[in-house]
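After this come two complexes, each holding subunit A, first together with subunit B and then together with subunit C.
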Partner chain A sequence: MENKNNIRFIQGNEACVEGAIYAGLDFFAGYPITPSTEIAEHLSARLPQKGGKFIQMEDEIASMGAVIGASLTGKKSMTATSGPGFSLKQEALGYACMAEIPCVIANVQRGGPSTGNPTHVSQGDVNQARWGTHGDHSIIALTASNHQDIFKITVEAFNMAETYRSPVIILLDEAVGHMREKLTIPEPGDIQVVERLRTSVRKGIDYHPYLPREDDRLPMSDFGGEHRYNVTGLFHDMWGFPNNNPKVVSELLRHLVDKIENNVNDINMYKEYWLDDAEYILVSYGSSARSAIHMAKNRRSRGVRIGVLELQTLWPFPTEMVREKCAGAKATIVVEMNMGQIVTQVKNAVDNPNNVFLANRIDGQLISPTDIKTVLRMIQGKGV
Partner chain B sequence: MDRLRLVFSGSGGQGVITAAIILAKAAAIFENKNAIQSQSYGAAARGGATRSDIIIDDAEIFFPKVIQPNILVSLTQESYSTFAPIIRPGGLLLVDSKYVTIEKKVDAKHIALPMYNTVMEKIGKPIVFNICMLGALVGISQLIRPESIMKVLETTIPKDFMDMNKKALDLGMKMGEKNRY
Partner chain C sequence: MTNKPFDFKDYIRTRFFPHIWCPGCGHGIVLGSLLRAIHELGLDKSDIVMTSGIGCSSRISGYVDFHSLHTIHGRALSFATGVKLSKPNLKAIVPMGDGDALAIGGNHFIHAARRNIDITAIVMNNRIYGMTGGQFSPLSGSGKKATTAPYNTIDRNFDVAELAKSAGATFVARSTVFHANECKNLIKKAISHKGFSVMEILTQCPTYYGRKNKEGDAVQMMEGYKTNTAKLGSKKLEKNPDLIKRGIFVERTDIPEYCEAYDKIIETAMKGKA
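Up next, the complex of A and B:
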C-alpha cells in the first residue's frame, strides 16, 4: 500500500518549503509578503523542528543581508518574497553574485510594478530575476507549474547554489503558489542533495577564499571559523581583498559569467509534451504552462499537431535547446502572463523569429486555455 | 469518472474555503483521485463574497480554475446572484434556504436545504455549518465517501470537536439523501 505519510495536500508555497527542508535548509530570514507569506509561515514551524533558525527581519533588505551572512558561516540559507520585496533585495543579491555566496531567493510573483496587484497572478518578474541587480553578471532562475516539480526545482535550486556558488532564484507565481494539490514527498536519497564544498586547508594555514581548484570550483571555509579572510562587493583578488587591477577585474567578471553560462546544459531543466510531430509549439512556464498543456491536450484530441515545451530553467536561458525543439514548427506560441519577457528570448533563439507569437494575459487572471486557443486560431487564419 | 468541477461560494467566515479544502483533500488522499483546490483572494479576511474552485478527476488536471461548475454551492444571496449564471447546463445548485432566495431559475437542479437552521437547532454552533453543507452535498451527489471526509477531519481538527463535526456531517447527509441527484 502507498505510504500515506508521504502524501500531502498542500499549497505550492508549502511544496517549496518541503523541498527546502529536504535540501537541507538551515536558515531563513524574511519579511512576509503576499503571495509568498505561506513560505515564511510554514518555515517558522518547520525549521525550528529540525534545529534550524527562522528570523522575521525588519524588512526585505535586512533579510537578504542575514541570508548572505548565514550562508557564509556554512548554513544553507534562503528567503522568500514577492515583486516589491524582490526589488529591495536586488542590491544585496548583487553582492552575493560578486562575493559568490550560495543562497536561494523564492519570488512568488504578483502583479506589478510597485505594490501592483498583490493577491493576483503575474509573471512580470522574469526579467527582474535576470537583470534586477546592476552590473554584468549571470544568474540562475528556476520555475515550475505543479507541486511535485516545485519540490524538485527547490531542491535543485539549493544544489545549484552550492555547485556554482551563486544566488539562485525560484520564480513561482500566485496561482501555483496558492492552489492546493497533491505532493508526494520523495524518500531521502531519491533526489541528490549537494552539500557545501569546504576547504581542506587546515587551521593555521593560509586559506585563499577565491583561489579556484583545478576544476574551477572554490571551496569555502565557514566564516568566523578556522580561517580569517575578507569578503567584499568590490572586485577582489584570491585573498578576497579589493583590487582594481584590469587583469583581476576582467578575469573575475568573466569567471562570474562563465561559471553559469558555460554550464547552461547542466542547469537547464524542462519538460516536453507531444513535441515529436508538433506543427505548433507552445512554449510556457509556471502556472501558464498548466493552461498550455490543457489546451494542447484538448486540441490533440481533435487532430491538431500541437505540443508544449515547458521551461523550468528560465535563466540562463536555454537558447540552443529552444532553437532545436522549435526548429520544425510552423509556429511557436509563447504563453506567459506579462507583456512578453520570454517571447523575446524565444525570438532570439529560433531561426525564424517571425513565426514566434505571444499569447499573454496581464489582468491578474490566470491565462485560460481559451485565451491560447484564440491566438492559435488567428495564426491558423481561422478567425476568432 | 467524468471531471467534477465545483464552486463553493459564500461570505468570508462561513467556512466555504475550509470546506473546499476538506473535500479536495479527501478526494486526493483517501480516494486516490486527482484534485485541485484554489480560491479567489482579496484583501478582506471576513465578509465579502468568497469563492473556492475544486476539480476532481481520475485523469491529470492541468488548468486549475473552474469556468463552468457542475456543482455550485451558494451560502449567501450575493454569491448566489454572482455565480448562478455560470453553472454548467444540467448541473446542480445547492443553497442554504435561510440565506438564499432562489430568483430566476437556471438550467440546473435547484436544491435549497435548511442547513444553517438545522445546525443551530440540533447542535447550536454555527462553526460546523460548512461540514453540514459537505454532508448534504455528499448525500445528494455521492461524489465522495463520507468516511474520507471524516478521515481528513481526524487529521486536521482537535479530538474534542470530532463529535460535533460528525453530527453535522450526518445531519447534512440525511437532508441530502432525500434529494438524490
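Up next, the complex of A and C:
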C-alpha cells in the first residue's frame, strides 16, 4: 500500500530535490538559470530545515567551486544549472574529476548553443556532459523520463558520486523538469543510500589521500578534520602533492578513466519495453523516451513488433548492452532532441550501423509519437 | 601567544621543498610573516584551511602544514566559501596573487567581501603575472612595461584597499615585505577579525616586473617599499600624501558574519517559519 502522505503532484525539478534530500544532501550552491531554478528555490527552503546549507553564489563558476569545497569537508553537495551555466562550470567540474571529489550537477537542458531557447526543451548537452571539461577524463551522466525515475536516478547519482569519487551529472530537460506529475516518495530504506567511504587511518598516523586501495577505491578524510593533506588540480602523487613524473601522470590518468570505464555494467541503468520479439527498436532517453514509449505501445496494438530501450545511464555509454539488445533488430531508431548525439554512440555499438536511424526534433518542441512514426514508415518503405 | 620559540619547520611541509619562487622574490617573506603571525596567535595547525588558486603566490598553500586546497585560477574564494560555510569552526586563509584575486577572481573577491564571510584574503601584490612570464595585471597600473605591454600599459590599476572597502570588507589593511614585522602584526589582526578581512601585501617580482620596469634588483625594490610608502596617520604621509598608504583602512564589527547569519536562517527554518 502506498502511504498517501508520500504522494506528491510536483514538477520534475522538485522530484530531483526530493531525491537529493532522500540521498542525504547537505549543501547546495547555485545561481538562477531557466529551466533549473526551481531546484535552487526548493532547496533554499528545504536544506536549512534539516540543518543543511544553501548558498546563492555570484555566478555559476563560484557555485561549482563552493560545492567542491563543501564536499571535501564531508558534506553531500550539489548544484543545478542549465546549458550556459553548465558551460561555465566545466573547468571546476574537471577539477572535481582530477581531485576526485564527489559531487552532483543537475543540468536541466534547454535549447542551445549560447542563450539559445531558454524556456524550451532540448537534449543538446549530451556530448557536453561527456566532454565539456578539457583533457582526458571519464564521467558519469544519468537521465530519466518521469518523476519516479528522476527521484531514483538522483539518489543513484549521489551514490555513484561517493562510490567512484567523481562528479555525476543529472541530465534532465526542460519538458520533464517543468512537467507536473505524480511522485511517490519511497520510504527510507527502499532505495539504498551510499555513504562516503572514510579512511580508517587514525589521527597522528600518515594518511595518503591519493593512495588507492586494492579495489582502486580511495577512502576519504573529511577536509578540515583529523588529517591535514593537500588537494590540487595538478597531477599529484599519493600525498596529493604536485608531481609531473611521467609514470605518476600516466598512472593517475589511467586510474581516473579506469575507475569508471571498468564499472560500466554497475553504473548502467536502463529500462526496456517489449524488446523480446522486437524487429524495430527505439533507443531513447529523457522526455523523448515518453514519446517513444507512447508510439511503440500504439504500433504494437496494430501488430508492429516494436520495442523501446530507454537509457538512464548515458555516460559511460553502455556499448555492450546496446549491442546485445539491438542485435536482432531489423532497424534501430534513436529518438532524441538534438542533431544526433546518442545515435553516434549507438551506431558505434551495434554490429550493423547502417540499420541505425535518427528520429529527432531540434525546434524546441517535444518530439511527438507522430514524428517517430514518420521515420519508422520511411524505414519500412511505406512512405509518410 | 605561545611560549614556544618560533621554528618555521613546525609549520611547513619539508617534503614539498625546494619552493618554486625565483631568487629575490618577496613571497617567501610573506610566508614568513604569515607563519609567525599564526605562531603568535597560537592557532592549531588543524584549525587552519588554506585555499589558493593559481599563480606563484598560490603555491603557498602546498608548502604549509595546514589543510591545503590548491584550486583553479581565480576561484579560490568560492572553494573557500564552500569549506567555511560547511565547517565554520575552521580558520580560512586564502593567499592570492594580484591577477588571481582581482582579474579572473575579481567577482568572487567583491562578493566574498559583500557577504562578510569569515575568510582572510591575503593579496600578494607584485603587479605582474609571474608564473606565466611577466604579463601586466590589473594592479600594474598605466605606463608600465610587461611582456604583453611592449609599448607600455594603458590600463589603470585598482586600489585594492578602496575596492575591498567599497565592496563591504570589514577589515582592510596594507603592508609590504620590507615591513615584515608590521606585516606580521597586521596579518594577526586580519586572521583574528570575524568577517571578511583583506590584507594587501606589496611584494617584489624582480624577475619580471623589476627587470621590465628598470626598478632594480630585489634589494632596490624593497628599498622602494620603504621610501614610497607611509603609515596612515604618520607625519611622512602628511607631508607626502601621494605615497602608498600602509596600515588599517577598515576595521568594523557591526556587520553580521555570513556563517553566523546563516545559523539564524537554520534556526528559523527548523521552527517552520518559512
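To be clear about the criterion, the second predicted complex is superposed on the first by the 382 of 384 C-alpha atoms of A that agree within 3 Å, B and C clash if a C-alpha of one lies under 4 Å from a C-alpha of the other, contacts with A are read in each partner's own complex, and residues count from 1 in each chain.
The working rule: a contact is a pair of C-beta atoms (placed from the backbone, for glycine too) under 8 Å apart; a residue touches a chain by one contact, two chains touch by 3 or more.
Small disclaimer: the values here were computed from a predicted structure and weren't measured.
**Student:** Is A:378 touching anything from subunit B or subunit C once the two structures are fitted on A? First, second, both or neither.
**Tutor:** neither
**Student:** When the two structures are overlaid on chain A, which partner does A:339 contact: first (subunit B), second (subunit C), both, or neither?
**Tutor:** Touch status of A:339: no partner.
**Student:** According to the stated criteria, A:118 is in contact with first (subunit B), second (subunit C), both, or neither; which is it?
**Tutor:** After superposing on A, A:118 lies in contact with subunit B but is clear of subunit C.
**Student:** After superposing on the shared chain, does subunit C or subunit B touch more subunit A residues?
**Tutor:** Per-residue touch count on subunit A favours C.
**Student:** If we overlay the two complexes on their shared chain A, which of subunit B and subunit C does A:327 touch? Say first, second, both or neither.
**Tutor:** neither
**Student:** One more residue to check, A:7. First (subunit B), second (subunit C), both or neither?
**Tutor:** first
**Student:** Go through the superposed model and pick first if A:294 touches only subunit B, second if only subunit C, both, or neither.
**Tutor:** Only subunit B is touched by A:294; subunit C is not.
**Student:** Under the stated touch criterion, which partner chain does A:205 make contact with: subunit B (first), subunit C (second), both, or neither?
**Tutor:** Neither subunit B nor subunit C is touched by A:205.
**Student:** Classify the contacts of A:95 with the two partner chains as first (subunit B alone), second (subunit C alone), both, or neither.
**Tutor:** second
**Student:** Quick check for you: in the superposed arrangement, does A:58 touch first (subunit B), second (subunit C), both or neither?
**Tutor:** After superposing on A, A:58 lies in contact with subunit C but is clear of subunit B.
**Student:** Which residues form the common part of the subunit A surface touched by subunit B and by subunit C?
**Tutor:** Correct list for subunit A: none, the interfaces share no residue.
**Student:** Touching residues of subunit A toward subunit B in the complex: what are they?
**Tutor:** 4, 7, 9, 34-35, 118-120, 174-175, 178-182, 287, 290-291, 293-295, 297, 366, 368-369
**Student:** Touching subunit A in the complex: which residues of subunit C?
**Tutor:** So the residues of subunit C touching subunit A come out as 13, 15-16, 45-46, 49, 51, 61-62, 65-72, 75, 77-87, 90, 107-108, 111, 262, 265-266, 268-270, 272, 274.
**Student:** Would you pull the subunit A residues touching subunit C in the complex into a rising list?
**Tutor:** Per the stated touch rule, the residues are 26-27, 29, 45, 48-49, 51, 53, 55, 57-59, 61-75, 77, 91-92, 95, 223-226, 228-234, 239, 241-242.
**Student:** Residues of subunit B touching subunit A in their complex?
**Tutor:** Those in contact with subunit A are residues 21, 24-25, 28-29, 34-39, 41-43, 61-65, 67.
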